[in-house]
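Should a chain be cited, it is by its letter among A, B and C, assigned in written order, with residues numbered from 1 in that chain.
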Amino acid sequence: MTKLLQASMDGVAVGSLYALIALGYTMVYGILKFINFAHSDVFMLGAWFSFAICGFLGYTTADHPVYAALVALIGSMAMCGALGFTIERLAYRPLRGAPRINVLITAIGVSLLLENVGQLNSNKFLAEYGIKFPFGTRPTSVPLLLPDQPLLSFALDSAHPNTLVNVLPVDVLVIGVAFTLMALLQYLVFGTSLGRAMRAVSYDAKTASLMGIDVDRVVSITFVIGSALAAAAGFLYGQKLQSLRQSADGLWVLLGLKAFVAAVVGGVGNVRGAMAGGLMIGLVEQFGAAYLSTNLRDLYVFSLLIVVLLFKPEGLLGKAVVEKV
Amino acid sequence: MSLASYGKPASPAVVAVDALGPFAGVAVLVLLMHFVIGPAVGPYYAKILVDIAISIVLAVSLNVVNGFTGQFSIGHAAFMAVGGYTAAAITYFGTVKIWGGLPLVHADPQGWGLFVVGTVAGALVAGLFGLFVGLPSLRLRGDYLALVTLGFGEIVRVLLMQTGSIPDPKVIAEAPLYTLPLKLGGSLGFGGVPTYTNLFWAWLWAGLTLVIVYRLKASTHGRAFLSVREDEIAAEAMGIPTTSVKVRAFVLSAALAGIAGALFAHELGTTLNPKELGFQKSFEVVIMVVLGGMGSLSGAVLAAAVLTVLPEVLREFSEYRMIVYALILILVMLVRPQGLFGIHEVWELPVVRRLLGGRGPK
Amino acid sequence: MALLEVRDLHVHYGAVHALQGISLDVEEGQIVTLIGSNGAGKSTTLRAISGLVRPSSGSIKFAGRHLEGVKAHEIVRMGIAQSPEGRGVFANLTVDDNLEIGAYTRTDRAGVLSDKERVLDLFPRLRERLRQLSGTLSGGEQQMLAIARALLARPKLLLLDEPSLGLAPQIVQTIFAIIRDINKQGTTILLIEQNAHMALGAAHMGYVIEVGQIVLHDEARVLAASDEVRKAYLGVG
């Protein structure tokens, strides 16, 4: 029972991170119909930026102003938003109308670019300004912004009074921020004129332009929002797994890919589906890790992908789309 | 297409030249590589030439799926891994079982037979996996299929990571055969595989791959493949069994990638490691095919060569190497979106035809 | 000066010379129709006017301002709305959302709401289906929605691309009656049609396009009576 509760909580926490990343994938896919492989690197840079901000402002331990986490979060969301805007402008917009495989390759190129910029040892230059990058080839660990004493700690099983369920502040932060952001996005997409325009563009961009919608602007906004959400996920991920020594490498891309799997499982192009898919992937992964084997996490996720694609290719929340003849 | 197929029945001699000519060409190429170019350029460049040959096998084989049939596979490295591990298991365990405690790093000609058996077995097993992955293409198209191939690739990688460490030769000699496939080195990789791969074997398989795939492209089968790419529904209407065409393309492509994996596994200075054969490796091959132009064999060959050499050339830039590589990739896509040659072969390009003197083959 | 003036318009799709010097005028307050067979260049003309394709030469002037090179969404802001070929309703959006999208460029909320009422009075069928996904509507209802949606932009000029396409004769009658109503309420209309009989019946002026060129133009009732048009487009004689 203890294990079950712990696995559920971890699953929801990790799953909401996947959901945040998946939203960026699914929104871009919905509008431009390509897998933005660079999105996972934006996620990575989100973590990187937030730690850089911490280093710059001197938030290195848990003895920090109360708002430190918020500053790091919003700062990195803004920086990644700007990055997403730039990537779309420089690399993807010139390819509007080109075969999708080209856009895909370009996305892989952008991904490689960001990933390797992330691995640069630029510490020498920036260290003079007090900016420490925990990335690069020799990573250091992430500063802890929240106290690591559990907020709540209790034993469920009276027979094992020492196996406790721990609710850490960081779990509250992760789940709280992720759900707040998802609620905001839900409102934006389904409750505002901009959201309506986004849905119209994703259905038929040409007709949307005949309604007076500036499609390029909608695409830009989509990238900014998606990238900001990925940045939030990056920051939260770093806080959740502080013990992990971060380095900018394939690990992030793999996390990003799993988030894309979440988008597909939920029904690609579908905002609610991405949220549901993210949670589902998180739960499957954590339950698999808790009850089967921790080493096979990726296996559960990708097996779920294949099963879903084979039996319900439109995703769990997607609608069947008939290919036009 | 050759003259033999037009008008009156061709003489047996023409048919023979037509059928055997390419193989003779491969023989010449292989002998040239092994006995002339290899010794002339020294071991460093010889290794690069071997790498190029392996890249060619990978790029040309992926072209069968991505270029010819227009399906989109991004899990090619998994087939390479399957072929590589199969072949390595056969040569490594086989050597111990047959010759006992041979020094395993030596590539004795004695073991060549085993190497060929391993390579062919690698191709067969990879082809079988290709069948498994090709079957979903009955239902899926485009990006979804790409995701299945990607997911499959990751599953293969994770499973290989979970295998046990390689036992001592003494243990291997005693162990029953069926226990060995579970002991492939895990995340540390399959170390100590005999280094049979040299210019001879690498270019032999590269040459054969080229001949097979080129002949396929020019054949009725090949046109069926291309028709699936151009318009699947129209192809179906013309009576082409599109699903079986797609599955066959997957099987052939996977089997050839298995050969590339076998060559890679037995190369000096490489470690057969699941980490090396993840989606990054698959992306590399996709990039080769797209840069060369989807469906263009000569384009794939050229792109494979260039992209294998490029990181070596950029080595001077040390930590900026991959950044430059990525920038070049993005720029080529922006400036020449159809790839270097589009869907044409090098000799079909207007510039080259003019150089060759007017009316080339159409 | 006419509201819309098209002069010597050429459009190429790659090597295909789709429009070979089209000139036409749409006077304010009128219904002008452009009729012709499939592939003659009717839709291309509309696409050029709304900025979806870039003309290779020639000029398009709307209320005295040049439209060539202006982006499609800006042209909508200038006062031209289009009900596109094949209707193009956003099937993933509700009927109400579709109407709101039509009013995307407008900021006068009160005006939008009153226009929505007015449009729903024109198309009572849509009022019943306001909360329904528009993909579930019938073809005729979708056509109504496309026209209603374009009207919500409160355009000076309404472009209608084949509003009768694929609809049952009775619904075509209804739609054309509404088109005349809209015009009477003050909206200028450029109507593209294969159904020459209905189009010429509703329009003031008519143009006949063949293989990218205007071959005839006159008052609609004159065209309807002319031998060439009767033979080629009205199936008479």
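As a working rule, contacts are C-beta pairs under 8 Å (C-beta built on N, C-alpha and C of every residue); 3 or more make two chains touch, one makes a residue touch a chain.
Computed from a predicted model, the values in this text were never measured in an experiment.
**Student:** Based on mean C-alpha positions, I'd like to know which chain lies farthest from chain A.
**Tutor:** Most distant chain from chain A: C.
**Student:** By C-alpha centroid distance to the whole-protein centroid, which chain wins?
**Tutor:** A
**Student:** Report the inter-chain centroid distance for chain A and chain B in whole angstrom, where each centroid is the mean of the CA atoms.
**Tutor:** Spacing between the chain centres: roughly 34 Å.
**Student:** I'd like the Å distance between the centres of chain A and chain C, where a centre is the mean of that chain's Cα atoms.
**Tutor:** Their C-alpha centroids are separated by 44 Å.
**Student:** Taking each chain's centre as the mean of its CA atoms, how far is chain B from chain C in angstrom?
**Tutor:** Averaging C-alpha atoms per chain gives centres 55 Å apart.
**Student:** Give every residue of chain A touching chain C within the complex, in rising order.
**Tutor:** 193, 196-197, 199-200, 202-204, 206-215
**Student:** Quick one: which bits of chain B touch chain A in the complex? Just the residue numbers, please.
**Tutor:** 72, 136, 139-141, 143-144, 146-148, 150-152, 154-155, 157-159, 161-162, 233, 275, 278-280, 283, 286-287, 290-291, 294, 319-320, 322-323, 325-327, 329-330, 333-334, 337
**Student:** For a test of understanding, state which residues of chain A touch chain B in their complex under the given definition.
**Tutor:** Residue positions touching the partner: 29, 33-35, 91, 94-95, 98-99, 101-102, 105-106, 108-110, 112-113, 115-117, 119-121, 250, 253-254, 257, 260-261, 264, 268, 295-296, 298-299, 302-303, 305-306, 309-310, 313, 323, 325.
**Student:** State the interface residues of chain C toward chain A in the complex, per the touch definition above.
**Tutor:** By the definition above, chain C touches chain A via 50-52, 71-73, 76-77, 81-82, 84, 88, 90-93, 97, 100-102, 104-105, 149, 153.
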